[in-house]
Every structure is written in structure tokens, then in C-alpha cells.
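As C-alpha cells, here come the structures.
Consider the two complexes below, in which subunit A is the common component and subunit B and subunit C are the respective partners.
The block that comes next holds the complex of A and B.
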């Protein structure tokens, strides 16, 4: 620890203990402490903390408030689906369990302020009370008067209270159109590579030396740092892959000092694990099992969740889906050329329009009417199909399966429009099962 | 608490102070709430309404009258005066006794509350709106023993509008009943309200007895103030004329006129050197009061804005001129703003700072902005005319 926390109002022993809990965040914590001032002093009405995901915003604030034993309430806006829940939690944490029952059934802001003002003198504050609101960006979707009130709550309830807002979004995108009190804005910068190394090396495996673990972290960061700087994700990856790293040591093949061999051993595994960063495609339990039996199987042989892209469909549904795909990705002008028998010879260059030079597959699917879908469907299906109710119900069930999407209103009976929502690989797999060469019919691959 | 307590407010411990000087006396007389006994300049309208109501009450029939006029032309005051003199006449047995009921659309939470209020003022009964409507229906459609006429004043009629217009329909339908004996006087601001918002069967029941109050001319305004002052010597003659001419040119609102006069007396009191004898309200005081009342706050707000805010407004103008449109996105304006800062030799602001300046201007309504969550893509429009901005920025 280089820097240490110092502030006159608090016990230095305790501050030392707090500073140990938040490596690489001591300067931010120091700023916060000096904003908060001594416990009895009035603090600034509202503080807005922002920074990327897992830069330690909640951790720093909660550790400070917990360990210094300051009165505080922590609420997360994700949990508070109604403002009533938020008020209840704040009152509960600040004034004890009896007070939250005083709130009426669907409390308004004025109810909250009234009860707060009633309760505040009953349990007088010789310390600043803190209200920490996590995921504050969701406050903007609640009542429009909530955010302006929270940032100047101190003035409204006439009590030594400070509201701390935590968010990943900058304050510019919070400001209500009618203006509001400006909170103090504090930025939490990302951890640097050295910071991450320092923090991750702290959770040591008991049976190995700290140097070995930090060497492992060094290798891990060398692989992953370019794609992922999220501390939480990196920690998860480190925990998953450390056992693999230690395997040669367990078997006694190499010594701890022989880092090069260890690196050679772990590196291909980490490269494979890279594909599953953030995506819990293979669950961590599966991954660990797989690591144990790696002798028999190759790492990526296990199919992830996204590889299961094969769906069993009825025969006509497959053709309906193929027809929808063709309708979505081919321009309507070219339907004559693809689906009529005597169309004459037309080269692609002849009817290539200027704006169509970019591939339709890059621009995404285009909407098409039901009539066109059915026309293409009848021309791609070899046999005669009666337009029975089952064909139409299959279309609507494809919509429910989210293989097609209907555009516009739900209750549209005449001429509804659809879009095809499947990828090329999927439709190729489907058309292979019905012996239909879809690439021949796609305008982009002409 | 008692069930039928009379509502009251706490009374003063000391009585209100009597006006001491001539200016205070004048201020008390010029207060909007101190309506004089007889309204000057509304004699014709008074006579018309009086004759209408008197004839209906005398005959024991019913009828409707629609009174319109811009705010501050004395509609409500005139009707009240008519009712007062009619009541005096009925005390002297010149006209039969009648009930007077007043409802105000603005004082109701819901248009259907009108029934409840009418019923309560007629009989003292409390009922739900539906029940009250049924009771009133019965009362007005059946003959009763020796029933009195009822005069109903409906103020702010346009707020009684509902989708099916049943409240208005009932109010205008009851007077047409044979045993109704109801006279309805309705007041609203716009002259063509019956044609604009009422469906045909409602408008036809309202009938064609219309009266519109013209805005006061400057002579009338002057006369009103003179009669209010009633020989209290507080104003110079020219000052009064200036006030009445200015107000008459703009709106002809008597209340506005009285407010300006009151404000002018205050200014006179504050600026006078000798607090004991402040003297008369002169031209300069009135000019200052008029300035306070009529001048646009926008120009002052632009002049008092910070340097970056003024630069932002200027770059908004530049961007509008470049685009030829009256709307630009924030990022387009920002490019101009930063260029302008370089020209002026100032440090160009960061995006956040410029956005803060922009949103501050938006919060005081100099700009019209989209929700701030759109960030740099939000579109910016001016809420004031470009000429005003140029004028305010130039006069430094």
C-alpha cells in the first residue's frame, strides 16, 4: 500500500483497515472522505459517482459506510420497481423497522418527505445520514420529479442527509429538461493493467506460493487484457483456469520456478477460454469437468449453447421459412428471374441498381407482404399444396417461435408484413434437410 | 370535530392597519378585490343583463344567457352587481324573491361536481353526482307549490366540457322546462365557444341571447381608475393617461391596469427622498412599473447569461443560418461553438461543459431541447425569436 487514508474525524486504525480493503482505490476513497467531512459536519447534498462496470464504485462506498459505521441506506433501483419500495427501504435502514409501516399503500414523494421529517427529530442525527442509490440511471424512468427531489433532499427534509448516486452513465444524460440541483460529480477511472495484477494477485491459493499465483495472473492478463478489463470477469476466469495451470505441478513434471513450461502448458487453454469470455456458453461447472477429462476430449469439442442451432420443424414449415428467407433477402424485382420458368436470360449486372451493390445480407432482412411469401412458397414446393388453414397456422406459429417477426399491429388481418429472423447458416441447414439449394436462389450469391 | 362546522381561518390577533398616507389609501382603493358599488363604463351591459334577469324572474319563466369577453373586462363583476341590485329590489318587493347560486368551473375537480354543488347550494343536501343530477332533474321538471325562481351563474363555462357534454346539456335544458323557473347566466372568455365546442343540441338550448364585453378603451380605463381613487390625490394626470393608454393598446384588461397603478405607488414610495411625504406618482414611476410588467424577461436572461452560454446561443444562430433551418442537433452546434471559441480566443469547452450550458439554457426555456438522454444527438431549437437574441447579444 502506497497511499493511506487520513481524515481528522475518523479513527486512524480503522481507516488503515478500510484502506486495505480497497486496493488501488485509496485516492478516490480519500476524495470521498473529504467530501463527506467529519461525521457531524454537513456534507454536500448529493454526490454522483460514475465509472465503468466493476471499477469499485459500490465497493468503495459500501466499505466506507460499513466500516466507519455511518448511518446509511443502500438501495438498488433495479429492485425498486415502484418508488414505494425505495422509500420503504430508506426509512427502514435509517430509522428502524417501525417507520416503514407508517407509509401509506402507494406512497408519494410528499408522504416520504413528511415521514422523514417526522422521524428525523425522534432519532436525532449526530452523524450525516447517507442514502446510496445504485444503478441510478433507472431513476430517469421513474417519476420525473424523483431525481430532482433526491439531489436536493437535504434541503427538503431539513436534515443532515447526503444522497449518493452510482451509475455507469455520465451526468449529462441524467439532467432533467427543467433543470435541477447539480450534484458533485466524481469519476472512478478504470483499473490499469498493474492495478488489475495487484488486485487479482491478492486472492492466493493456500497450497501454492503467492509468486506462482501472481505469475499465473500475469499470463492470464497477457491473454485477456486486450478483450476484457472487467475485474469480476477476470477473477472468474482466473478461478476457472488455475487448477489447469497447476496440473503439471501436481503431477510433479515441472517445478514452480519453471514458468516457461507452465506457460506453454496453459496458453492454448486460455486461448480457447477466450471464446467464452462474458458468454456463459459453457457453464463453469461444465468447463471444470471438461478440464478434468481433457486427456480424452479436446477443449472446444463440447458444444456451447449457441451451437445448438438445429430445430426440428414440419416439412411445410421448413419451406415456409425458406420462402420467408428468400423474400427477406431478395429484392422483389428479381422474383421473376428466380421463380418464373420462362424469364429469359438476365445477367446480374443488367438489373443491378446502384444502391444494391452492398450485399443485402449486410443490410439485414427486409419486410415482405404475406402474398409474396405464399407465392414464393408455392414455387419452391414441388408438390401442389392447398392453401389450407394448417399452412396459415404454421406461419403464425413460426412467428411465435420467433423465427419470423410480424411488423406493425398484431391484429392486422389483411396483408400483414413479416421479416425473416434467422441466420444464413441456420437456413442452409434447414434447406439441406429438404434437398433445396438455397444459395442458388439468393440474389447476393448470384 | 363537529360534523357541520363552518369552515373558518384563524383570525388576526391585531386588526389590519388602516392606510395612513395618501399613497397607501390609493393602494387600498386600487386593489383588484375592492370592487366598487357601481361599475363605471358598464352601464349598458348592466342594464341589458338586469332587464333579462328581471323579466324572467317577473314572468316566472326560465332562460339562458351567454356572456363573453376577454379577461379583465368586468363580466363577473357586472353580473354580481346585477344580482345585488335585484336582491335589493326583491327586498323592496319590486320583484319576486329568487335564489341566487354561483358555480365556477375552475373550482371543481370534475365537471360532474357541478350537480353536487348546485344541489348543495339549493337545498343543503349532499349527494353523489349521479344522485344529485337525478334530484335536480326532478326538482326542475315538476311543478312545486309556490316555487321561487333560481338564478344560476356559471363562471368559466368552458371547463364544464365533457365528452358527451351532458353537464352542459342539463344546465341549458332545465331552463326550458315549463316548471323549471331557472335563469342561467354563463360566462366564458371566447365569443364563439357555443359554435366551437358544443354539439348542436347543446348550443341550440343555450339560445341566442348573447352578450359580449368589449375590452376597455383608454378613456374608460382612465375613468375606472379615477372613480376608484375617488378624489384621493395620488397620481399625476399624465401618469394615469399613460397607464391607461398602454394597457388599452395591449389588452384592455382593467385588472392589469390596476396592478400597474399599485406597483407605481410602491415605486414612488420607495424612491421618494422624504419618507413622510412621498408626493405624487409621476411619469417616471409609471414608466418603471410598465417596464417591469411588460418587458420580456428573455432579453434580460440572455444578457445576464454566462459567456459560454452567450457563445452557445450565438453558435445556434450561426448553425441555423448555415443550415437554413430552425433546428439543429447539438453536435452540429457544438462544432460552431468550438470554432467560435477559437475565434474569440477562448479555451473551447469540452462536450460535457457545452452540454451543461445548453441544458441550462433549455431549463430556462431560452432553448427548446429534447430529453437529455439523447446526449449529443438531441435537437436544439430557439424559443425566442432570432432577432431578440441578436438584439440582446449586440447591446453590450
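The block that comes next holds the complex of A and C.
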């Protein structure tokens, strides 16, 4: 494959223009162009493009179709919640605004194909028409006939039309039971580290030299490349953190050439960014404010979403939740040992069964009946609690708060089963507030 | 071959290539009809006879054409129809109704389509959009009024016949086949399907009205015929192609290509994996794309490239684009699969396995916290590399994300192959993947 984009059917100067817009994707664009052929020639009925997120699938396709002025319709399956919407958009883009009014109110595939067939000869195709469908994996959840119809649309409407499907997921997961017309499958490879460096270095800050920015990108990739290869995410992180990187330059402490000092300055910041901004724990606005603030309250001020996870609960609710946690993560056999006064001494090894070698904190919570929850509750609460309506209503309100989940909705009153849905850190924080040492009562940590 | 410049040719080479592309693309993509389909002579004759009896003598028939996808069912039917319509009188009298199970998803839509294709709309007037029962009654009435001698024969072609069998009560099929059984308007019902068990789908009353004529189209090509088919698909017609020199060169180079040993090996591999024409067309299309002014003939290397492009394992490609952390998680899952014998697992177990690797082997280069690992895990889930065991139950029970049971959708060899190809894969990760016990 040659480095420059060329095809006999299209104007070479325009192709040069197009090639500039897609760095590192010229060979893929070349393959696509050669598949599409000259505008008047037939192209393969359907092409399936797959590749990772932000590897330029939509960008390449849309730039090609847009800049070469080929008739095309681009629809995204996320927006088209019904097939009707999709048909409307396709007809609108291909045949002009009046055609979409021809569709009946809830159009079937048959209506779409019929109207397409009617309209196609009216505006005759001397060029291949393209229908680009983004996020094609959602097609599988729509009408079951939609995907088989789209991949053989050329045959059904008898027009020079090509359907291009874009997806992150491989074609093998798309194929319907009885099979369908197989599209031509193309892979968009991921960007290598060099490619990423090259692309990211393109958006330069006007007041600094390109070399500085490229050095910054190098450091950024050094930290994030092992976790994230998403170009969009990396670009976002670069934009957020560049001002911090330039801070020592502004203050005049460091010269531009002294990359080591700059690296020492920025690296801890980037590491922290991975745990906060990258996870969207702290929003990017917060993060930018944070960077502008002085360093003294740096650690304290950074409170992300996860810091707000602690909820204030009533006293008995706390104990109910603790009891639920104990019931979920301890085997029922060990309840005697933990919660009765005269249980005798039993070592853990004595009642360790063969299948219980893996801890429950690995396997997740187990369901438990209401009786067990109440029994544990009464034994962990010091005072005498009447089984009043308020205790039971607190259980159901814990379910509404999604701290507990109820299993098997068939039986609401008689012996319902529950599961505890909170993490260990959360329950520890709660038990600390009521002075209860939960770790002592957990079988896994015995 | 390619070195030979065509200086004395009346057309510049660019135009020749363009002509070749136009011609061959029409053949490969648009399924242009051949003069006569190959290797299906008896089926062709059978179908021809049958349709002719309906069209000319007014006999009612029903037939099913059954065969796997891409074996030329539609092509056979179209060829027969084209031949039939070429005869006198037939094109004036025969009415055709084309229905497709993919488009006409229920009987109401199908009925509207039939009315439309028989152009009865003006007769029915606004009744087209009347009730289903009225429409059906009218149509049946129209079909019943006719008789063998006077009325025009109607040919119903039901593509994706098996989907019509899923309609409610199979009303449409029942009525069509009923008309074909009784002495009313002569109709021929031709069904095309790829399901071999299609008769089991029919209700008893529908089945009893079907004539049980079946035409099976099974790929019966031998490898030498397959090679000939490849040549025939790429062959340029020397009589109609404008530049005879180019045409001659092209055909000669094509012949040389098919005799090449490496090409034969590639084609044999394709032949062994599938014999259908569609996949052959896909391969040839990928080859044809490489033909340009700089590369005016097909070389064996083009074919090898194209075949590699089409037969690449998609999952390996996907694994190639993962980050190191995600790859480590995949390896951890592979170990879990080995240890627990394919039992489903959750994120917590994967994380535990990953941490054990970090503690023992690596110099804490990839020391990531659980939320970062969870993000990587969710990305894998999005790519459908891992799948929840019971997605509906997980949503309903609002299970915690780290305890949701999932399964790995890859097999051992895919992971190992992807690791081999992974750019700059750290050695300790490679060793960890190879070691049997985590």
C-alpha cells in the first residue's frame, strides 16, 4: 500500500486534501477507496468495519464521503430508537426532504424498500449511494429482520447502494441464526504508541514550542499508555494537565530544555489523575479548579464522587445493615460460634469444609432468609428491641436504597430472601460509627 | 506479464482498468446473470418444466427450492424466469408476485404487497387499506373467479420461505397453497429457503396442501471445477471488450495465475472451508480491489494478501488493540478458566489472580487500584470478550459489579496467538501467560 492516497476515479488534489485530514489512517482509507471503486461502478453490497473505540472509523468514512461529495446517509443506532426514525433519516439524506413524508406512521421494512424503489429511478444514481450505520452492534437489539435486510439491501432495492456498518464488536457476534448475506469485513487496527504520539502532538499550544508539547505527550503516554489507548480519553487528559505541566515555566523556575525537572514535577500529578479524573470520580471542571488552587489544601480538597458514598442512617438501620452483611458473608453453620454465648471453642480449621477454601469476599454475598437477619440483628444490638413495624419498614427502606436486594419477588410476606449489596469499606465505616468491630465477626478474617 | 506495456493499444491503460473494474464489479457485486448456471442442469430443467406448465398450460404447482446460503437459488430462479419470459405469449400473460420473508413480516403487509404487485389497487380503490379479512376475501374471490382456461396464471415467489412459516396461523401460506390445489386461477408457488427442515415448520393442513416437490441445490463442485469457476468469474469476454490486446493479456495472465502452485494452495484452503459462491465472490472482490494502473494484472501475491485479509481471526485482532492492563486481565481469566475448569468467575476473583501475579513476579510496575481495573474490565465487557452469565438476572437483582458472574468468550489458542503478536509485550507477562499454574 502506498503512503499517499490515490484512485483513478477521484480528483488527485482533493484526495491529497483528504489524506491530510486523517493522520496514520491513509492506508485504511486507500483500502476503502479501492473497495468503493469509481463513483459510477458498483461497490460491494455491504462492508463491515470493526476496530477499537476511537480508531477513526467514523472519521475516515465520513471525511471520505463528505469531501469527495458522494451521496450518503449517516445514521447512528443510538439515536434511532425505532426503525422508523432510521428509515426517515436515510430517505431524507438520499432523496431530499419530501420523500420521508411518504412513509406511513409506523413504517415496516416493506414500506421502506418500496419507497426506496420508487424514489431511486426518479433521482437516478450515476454514483454509488452509501448508507453508513454507526454503532451497528445495537442493530442486534432492534427488529430481528433489520440486519439481514440491510446487508443485502443492494439486491432488495436493486440500486447501486452500499451499506457500511461500523462497530467495536466482531462480526461473529452479529450473525443471525439462519445466516444472512456476509458482508466484506475490514479491520481498523489500533494506533501504535508512535501513532498516538504523532496525532496528539498535532494540537499545539500557541504560546509554547511544539517540542515542549511533544515532550509532554511523551510523559503522558508513559503514565497512561499501559492503561488506556483510547485517543479521545488521552487527548482529554492532555488538555487538562498541560497547564500544570507549564506552571514551572511560567514561574521561571525551569527552562524548557530541562525535561527531567518538568517530568519530576508532573508525574505525581498524572498518577493522581489516573485515580480521579480518569475514573470520572472528580469531574474535569473540579480538576481544573484544583490545579489552579495553591498546593496547601491539595490533598484535602479533592473529594470525588466516591467520597460522598457514605450515607447517614438511623441507629437500628445501621445494625440491620451490619446484620445483613454478616448474614451474607458468613456461612450459616458458623452463626452459633459467633453469636451464641456458650459455644465452646472451635477453631476455624475444624469447620472448614472443602469447598469453602475460597473466601466469601471473593465469591460475593449469599442470600439469606429474613429470620436469620433478625436473629443476628438481635444478637448484635445490645439493648432489647421490640420487633415493631418500624424495624420491618426499615428493612424494606434499605431495599429501596439499594443497600439490600430482595431476591425472588414471588413471596413478599412469607420468608423473603435478601442479599447485602454494600462493599466492605462501606460497612466498616458504618460499624465504626456504632462502635462495633465487624472484622471480629467475619468468618473470612478469622 | 506486467512488464509488457501496451503501447500500441488503442486505449490508454487507465481506461482499460476502469473498464475491467466496471465489468467485473457488476459481475461480482451485482450478481449479474450468467447465460446458464453451471452444474445444476437437472434442477434447471425440472424448474423450467414446472413453470412452463403453469405459464403455458395453466396448471397449478408448488415447489420449494432448498439449499444452503450462496448456492445460487435466486440465480437459478431468475435464469429460469428470464428464459421463460423470453418465450412468446408468456411475458404477456404471466403475472409475477415477489415476496420476501424479511420484508413482509406479517400477513397483512404481505397481502398489501400482493394487491399492489397485481395492481389491483385501482379495482379495490380505498379498500386496500380496509381490514385484513376484507382484503383477503377480495383477493381470494378474485383468484377463485378465474379458471384454468381463461384467466392469467400468477407466479408467487416467496423468498426466505421459512420466515413465512412463522406467521400467525400460516394464513397466507394456507390460502396460497389451497388455491394451488383447487381448480381456480392457475398459480405457481415457488419457495426459496435455506432451511433443510422447512417442511417440519409447516402446519399439518398447510403441509398436506403442498405438493412436496423439492429442488435441492447442494454445492457439488469438485476442486477442479472450483478453479474453473474462479477463472470464469474473472474472465474477460474477448468479443465485447473494446481493447482486444489488453483482454488477451488479461486472460492469459489469469490462466497462468490459476496454474501457480501457491495460488492453488490458497484456493484449496478456501474450497475446503466453504464452497458457496458468495464467499468466492468476496475473495475475488478483495483481489479485484488491488488491480490498478500500477498493477494491471493479478499476481499471486495479491491473492495471498486478499486471502489473509479475509481469513484473519477477528478476536486476535481485537486482543491486539487492548492495553497491557486489559491483556493482563485476560490472562488472569485464562488461568481462572484453567484452574476452575471453565466455571464462571467475577471481577473480584480476576483481580485477586492479578494481584497474586504482581506480588510474586512483577516489580510492581502495574500496581493499579480496583476502580482502574474495573474500568478495564468494563471495557472488555463492552467488547464482548467477557459476557455476563445471566444478563437479565444481573440487571434485575442489581448485583454489585464486582460480583457479577461472567464467562470468557475466548479460547486458549486465541490468547496465546494474540500474545505472540502483541507489540512490545513485557517478558514477565508472557511468562505468566505460559505458566500453567498462574
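By our rule, the second predicted complex is superposed on the first by the 436 of 446 C-alpha atoms of A that agree within 3 Å, B and C clash if a C-alpha of one lies under 4 Å from a C-alpha of the other, contacts with A are read in each partner's own complex, and residues count from 1 in each chain.
Throughout what follows, a residue touches a chain if its C-beta (ideal position, glycine included) is under 8 Å from a C-beta of that chain, and two chains touch if they have at least 3 such contacts.
Because the structure is predicted, anything quoted here is derived from the model rather than measured.
Student: If you stack the two complexes on chain A, which partner ends up touching A:140: first (subunit B), second (subunit C), both, or neither?
Tutor: Only subunit B is touched by A:140; subunit C is not.
Student: In this superposed model, does subunit C or subunit B come into contact with more residues of subunit A?
Tutor: The larger set of subunit A residues in touch belongs to C.
Student: Looking at the overlay, does A:89 come into contact with subunit B only (first), subunit C only (second), both, or neither?
Tutor: Neither partner.
Student: Between subunit B (first) and subunit C (second), which, if any, makes contact with A:50: first, second, both or neither?
Tutor: In the superposed model, A:50 contacts subunit C only, not subunit B.
Student: Return first, second, both or neither, reflecting whether A:229 touches subunit B, subunit C, both chains, or no partner chain.
Tutor: second
Student: Can A:176 be said to touch subunit B (first), subunit C (second), both, or neither?
Tutor: In the superposition, A:176 touches subunit B alone.
Student: Thinking of the overlay built on chain A, is A:72 touched by subunit B (first), by subunit C (second), by both, or by neither?
Tutor: Touch partners of A:72: none, neither subunit B nor subunit C.
Student: Under the contact definition given at the top, report the residues of subunit A touching subunit B in one complex and subunit C in the other.
Tutor: Common interface on subunit A, subunit B vs subunit C: 170-173, 178-179.
Student: Write out the stretch or stretches of subunit B touching subunit A in their complex.
Tutor: Of all residues in subunit B, those touching subunit A are 351-352, 355-356, 359-360, 362-364, 369, 371-373, 375.
Student: Spell out the residues on subunit A that touch subunit C in their complex, using ranges where they run on.
Tutor: Residues in contact with subunit C: 7-9, 31, 34-35, 37-38, 40-45, 50-52, 55, 108-110, 113-114, 145, 148-149, 154-156, 160, 168-173, 178-182, 184-187, 189-190, 192-193, 225-229, 274-275, 278-279, 281, 306, 358, 361-365, 402, 405, 407, 419, 421, 423.
Student: Which of the residues in subunit A end up touching subunit B in this complex?
Tutor: Residues of subunit A touching subunit B: 140, 170-179.
Student: Over in the complex, which subunit C residues touch subunit A? Could you list them?
Tutor: Interface residues on the subunit C side: 14, 17-18, 21-22, 25-26, 28-31, 69, 74, 100, 102-105, 109, 112-113, 116, 162-163, 194-195, 278-279, 282, 285-286, 289-290, 292-293, 309-310, 312, 314-315, 317-318, 320-325, 346, 348-349, 352, 366, 368-369, 371-372, 375-376, 382-384, 397-400, 402-403, 423-424.
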